[in-house]
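Dropping the structures in below, format is structure tokens.
Two complexes follow with subunit A in common, the first pairing it with subunit B and the second with subunit C.
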Partner chain A sequence: MLFRLELKKILLSPMLIVFLALCLGFNLLIAIPGAYDEYASFVAGASKTAGYKLGAQFEEKIRKLEADEMRDYLAEDTAGKTDVFDGYDTAYIADAYIRRLNLSGYAAEAMRGKYAALQNAADDKAFTDESLTVYFASSTPDKHFGLHGITMRVLIAQCGILAALVMLLSLGYEHMSRTSLTVYAAKTGRNILRHKMLASISAALIAFAVLIGLTLLAYFQINDYGNIWKSSVSSIYNVIDDLLVGASRPFLTWQSYTVLTYLLAVLCIAAFLTVCFSFMAFVIGVWVKNSYVGFLLFLITNAGCLVIAIMFGARLPAYLSMLTPAWLWLKQPLWFTDGGADILWKNFEILGVCASLILLAGLCVFSAKMFKKRDII
Partner chain B sequence: MRIIFHEMKKIWNWKILGIIALVCALFYVMFMSYFIKYYKSGNHPQAELIYYAEELSRLYGTSLTPEELSDYIASERQKLIAKAEGYIKTMPIFAESGIYSYADYGVLKDARGREFTQAENNAYWALYGEGCDYLGFFLETLEHMEEEFDITPMYIGWNDSFWGILNEWEQARYIQMVQNNEHHFVLSYWTHSNTNDYASYFAVMLMLAVLILVSPLLVFDRSRYIHHLQYSSKTGRKIMRKQLAATLLSAFILTTLLLLIFGGIYSINDTYLFWDANINSGLNLGNYSVFNMTYGQWVTAIIALMYVLALGFSMLAFVMARFSRNMITLIMKLIFLFTAAAYLCAAIFNYSFSMLYNTLYQILREPGAEAYVSGFVLLLGLVPAVFVTQMEKRADV
Partner chain C sequence: MLMLNNVTKKYGSFTALEDINLEFKGGVYALLAPNGAGKTTLIKMLTTLIFPTGGEILWNGDEIVRLDAAYRGIIGYLPQDFGYYKNHSPRDFLLYLSAVKCIDRNTAKRKTEQLLELVGLSDVQGKKMKKFSGGMIQRVGIAQAMLNDPKILILDEPTAGLDPKERVRFRNLISSLSKDRIVILSTHIVSDIETIASRVIMFKDHKLFANDEPAALCASLAGKVYETDDITAIPAPYLALTERQDGGKTIMRFASEQDCGSIAQSVSPNLEDVFLYVYRDERE
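Now for the complex of A and B:
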């Protein structure tokens, strides 16, 4: 009952609706428009007849398409491709990182271990010729980064900020309405934090679904994906530019993902990350009465997590900071891959989200317990 | 004045100041410290061009003729080649590829078009390395300075270059620049670029700090229903004007404080050596300004723009705060205001007054576009702020 009432307070708040509308407007005006690519659109259209697997059959079907510049370019772009994971050795990546960053001890060992494990993933992909899928052909890096590096990052940031605002609004509601002295004088009143937290998280997830749903709907209206959904996200065309290695390397995921399942996996982690931001705002909101100061402290905490990596360089505190929600957000384009030189562990995004959830949940429980005993005057 | 002073005391509370200090410190570490740490070290040939620009400033003042530069380069080149000979004779890496003198190294350098063997590659890059005191970069920089210093007049009438995209006014300005010998001043591209980037990030941080400081005032009062008491008297009805004045003064003081602190930090880079050097220096790699101005005048101009923007955005925040029922609603509005401020700062302070590189100028094609847009922001804040303060006098509470 209390949960429903708290949820109603939040969902009926004009602030939430206006903020969602403004975010959606921002996404439609700024984040999305640059996403359209004529060649990529042609590839998606061609995939409806030619399929998504590269090879002789695909090339033949492409040749049968109506002759024009795009068709000729696609034919040239996809001709004679071989599996990039055949004989691919991941050890050179670890060697490059260890040499360039002067890693030693645990860090060097963990880095070697990570890329030794990644070798298994490469071998599995070589066995199934997974890289021989068209994705968006040579437009793939821009298209993939456009969705996962720009659009999704903007969306997750908006959802994170919204989650924090909703939590702080809920926690500060009694104080703003001058009902705190009445509500918190009773035992039930003191327990209301639990209902507020659950209601805020629910509202944040509803807002997450609405914002991401509407934005991606608009995105996929502009960008037709055709049969590309079934393409592997580790296609031969999808590469990571790695300055430390000195060359581009394949977008090698730990498991096999199609474009669709990769997007769904990213959305799943993003939802949990939103919950992490909610928990963080709860802890801050319980200790700091002033919502304005609370929100600023929320931003400072996340910025502080980013700064730890800058200050500690290639040392353990920096590697641990990569598991915080702020860094997970920043590393979003590399989720489900090795993560690059600043990640020591496999599946860092799952590890980070779980660790953050557990730690923050513990802090939430502690804060709520302390609140029950606190003087309210 | 007393009321303005007390309103300012409400704005400048220690919690908010502490938060601003933290925010600025974090922002500095994340975005600005790079431009102090790596200005003279770490990047090549940036370090070398800055070194030579400073040396030329010390020896010749702010400007010199192409003949003076040629003499300097000839003498410096001799010294560097003598040093290079020393390294080539003593380091085995050169002998391994058949290089026994600088002349032999020159032959290898001239053959850069073909594929080198591993030994040749090692020898070629060795002269650019720390082991040879980055001599390769020093020599290359001298070559580059000789080519670039007097290249400015060559672009006149060369339609295949950027000259082809300049309009009539810009071409006339360019010709005037050459006639005034503005390109014979000494200012390295890296100095201008470093200051530009540092200033751009500083501007964004400044807007954030100003918005954090001035925004809560009205919402705090309204959340405690103090405005009911204030509006019950004639003096109280004018309080919003005084709060606006307090907001503007606070924005001004904060801007000045942050300029002193972060400007003081930036002075470590010694760029004041180029204060009187014309920004259209041949060593500034084509970063031509629409105005005949020195580096010092350019810095002063962008500081003035920062003041104007800080005051404009503080007034916009003031107006938004008037229409915010609580802090969360205010924060929601500030997020979008700050996003707009950040985008605008990126457009205004990206090589301000540059003929070729500033986004605003490229769109508006009006000399001083940055100043016009900043002035527009000031007006955009001032008009509704004044209107709101006038309306409050008659508002029902």
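Now for the complex of A and C:
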């Protein structure tokens, strides 16, 4: 009952509705229309008849399409491709990082270990010819980064901010309405924090579903994916520009993901990351009465996490900071891959989200216990 | 029975209340003291909003902090600065607070209706409270405090900011609610409690100064309060209490330790005289 009433209070708050509308407006009017690519759209259309697996059959079906400049370009773009993972050795990446960053001791060892483990993933992909899928052909890096590096990153940032605002609004509601004395002296008392927390997380996830749902719906209306959904994200065309290695390298994921399952996996981690931001705001909101000050602290805390990595360079605190929600958000385009030179551990996004959830949940419990003992003046 | 044993509350080096011993059994207890004397501190300790730094507060022998929700379930509280959700109607607000007080939905609906009737807000129960007067808001406040039919009703300065008509109405309401429960009422307005308090509790220098029936407190000043229309004839020292006009003359009411019966008329002390006499230092 109380949970429902707290949720209603949040969902009907003008702040949430206005912020959600502004985010949707921004995404629908500015961010998404810019993501349209005519060639990618043609590839998606072609995939409906030619399928998504590269090879002779694919080339044959492309040749049968109505002749035009795009068809010819696609035929040329996809002709004679070989599996990028055949004989691919990941050790060169570890060597480049260790050399360029002067890594030694545990960091060097962990880095070698990570890429040794990644070799298994590369071998598996080589075995299944996973890279021989079309994705968006030569438009793939732009399209992949457009969805995962820009759109999803913007969406996750919006959801994180919304989650924090909603939590801080809920926790600061009684202070702003001057009802805290009445509420905390009632039977539920300070235990109302539990209801507020659950309601805020629920509201954040509802906002997450609405914001991401509507934005992606619009995105996929504009950007046709055809049979591309079944393509592997580790397609030969999907590459990462790696300055430390000095060349582009394949988008090599730990597991096999199609474009669809990769998006679903990203959404799943994004939802847990939103909960992390909610927890973080809860801890701040319990200690800081004023919601606006609380939000400022939330931003400073996250900025602080980003700064730690810069301050500590290639040392353990910097690597640990990569597991914080702020860095996980920033590194979103590399989720489910090795993560690059800043990451020492396999599956950093799962590790980071789990570690953040556990640590922040512990801090939430501690803060709530402290709040029970604190004078309400 | 609600009992305070040697209760002290300190904020750093500042002592807000020191070594308070009190018992509340039934009836209206008035906490009468000037602002800043510690009334709100005591009330906040009684509502578990703040915790004593020394001593203990017991309800039927159990410490209220340990009783936690079980204790808060039997109290009703109207804070001094009663806040409300401006965009809620009194009905919705009371239903929300019923949920906070863990009252089941059907009982909450019934009690909300009854209490809004009792405080005379039935006809505006669906209207948003942002347009309500101070008196109407205070009535919502007393209604919410009564939602759980509390055994202990705690009202902190409930008449502050009300006009005289609202104040009388409120006083009558409190009087009608005081049967079969402890009502603890904090005020610095003597007229609020003169007729309804069964006991008056006074604090001075952050310590308990008096805890007695109003008549007994007044009796403590017997023979010391006078009225005169020529204050210049009264030998110092004396304490000027109040003035009133009578037949074109200004009648001065004063208290004196000396016998002024020959030059002024001795009158029966009232609670206001006691208040002004006890807190004469704070007036200067």
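Definition applied: the second predicted complex is superposed on the first by the 375 of 377 C-alpha atoms of A that agree within 3 Å, B and C clash if a C-alpha of one lies under 4 Å from a C-alpha of the other, contacts with A are read in each partner's own complex, and residues count from 1 in each chain.
The criterion applied here is as follows: contacts are C-beta pairs under 8 Å (C-beta built on N, C-alpha and C of every residue); 3 or more make two chains touch, one makes a residue touch a chain.
Fair warning: this is a prediction, and the values are worked out from it, not measured in the lab.
When both complexes are superposed on subunit A, subunit B and subunit C fit side by side without a clash.
By the document's definition of touching, of the two partners only subunit C reaches A:D375; subunit B does not. Within the superposed three-chain model, A:K187 lies in touch with subunit C and out of touch with subunit B [touch as defined at top]. Once the two complexes are overlaid on the shared chain, A:V293 sits against subunit B while remaining clear of subunit C.
By the touch criterion defined above, A:G304 reaches subunit B but does not reach subunit C.
Once the two complexes are overlaid on the shared chain, A:M15 sits against subunit B while remaining clear of subunit C.
Looking at the shared chain after the overlay, A:L165 reaches subunit B, while subunit C stays out of its contact range. Draw one line from the C-alpha centre of subunit A to that of subunit B and another to that of subunit C; the angle between them is 90°, to the nearest 10. By the touch criterion stated above, A:T179 is placed in contact with subunit C alone, subunit B being left untouched.
Overlay on chain A (Cα): least separation between subunit B and subunit C is 10 Å.
Overlaid on A, the two complexes show subunit B and subunit C touching no common residue of subunit A. Residue ranges of subunit A in contact with subunit C, taken from their complex: 1-2, 5, 174, 177-189, 191-192, 373, 375-377. The touching residues of subunit B, counted against subunit A in their complex, run 15-16, 19, 22-23, 26-27, 29-30, 212, 215-216, 219, 223, 326-332, 335-336, 339. Contacts from subunit A toward subunit B in the complex involve residues 15, 18-19, 22, 26, 161, 165, 168-169, 172, 176, 290-293, 295-297, 299-300, 303-304, 306-307, 310-311. Taken together, the subunit C residues at the contact with subunit A in this complex read 44, 47-51, 68-69, 72-73, 75, 77-79, 81-86, 96-97, 99-102, 105, 144, 148.
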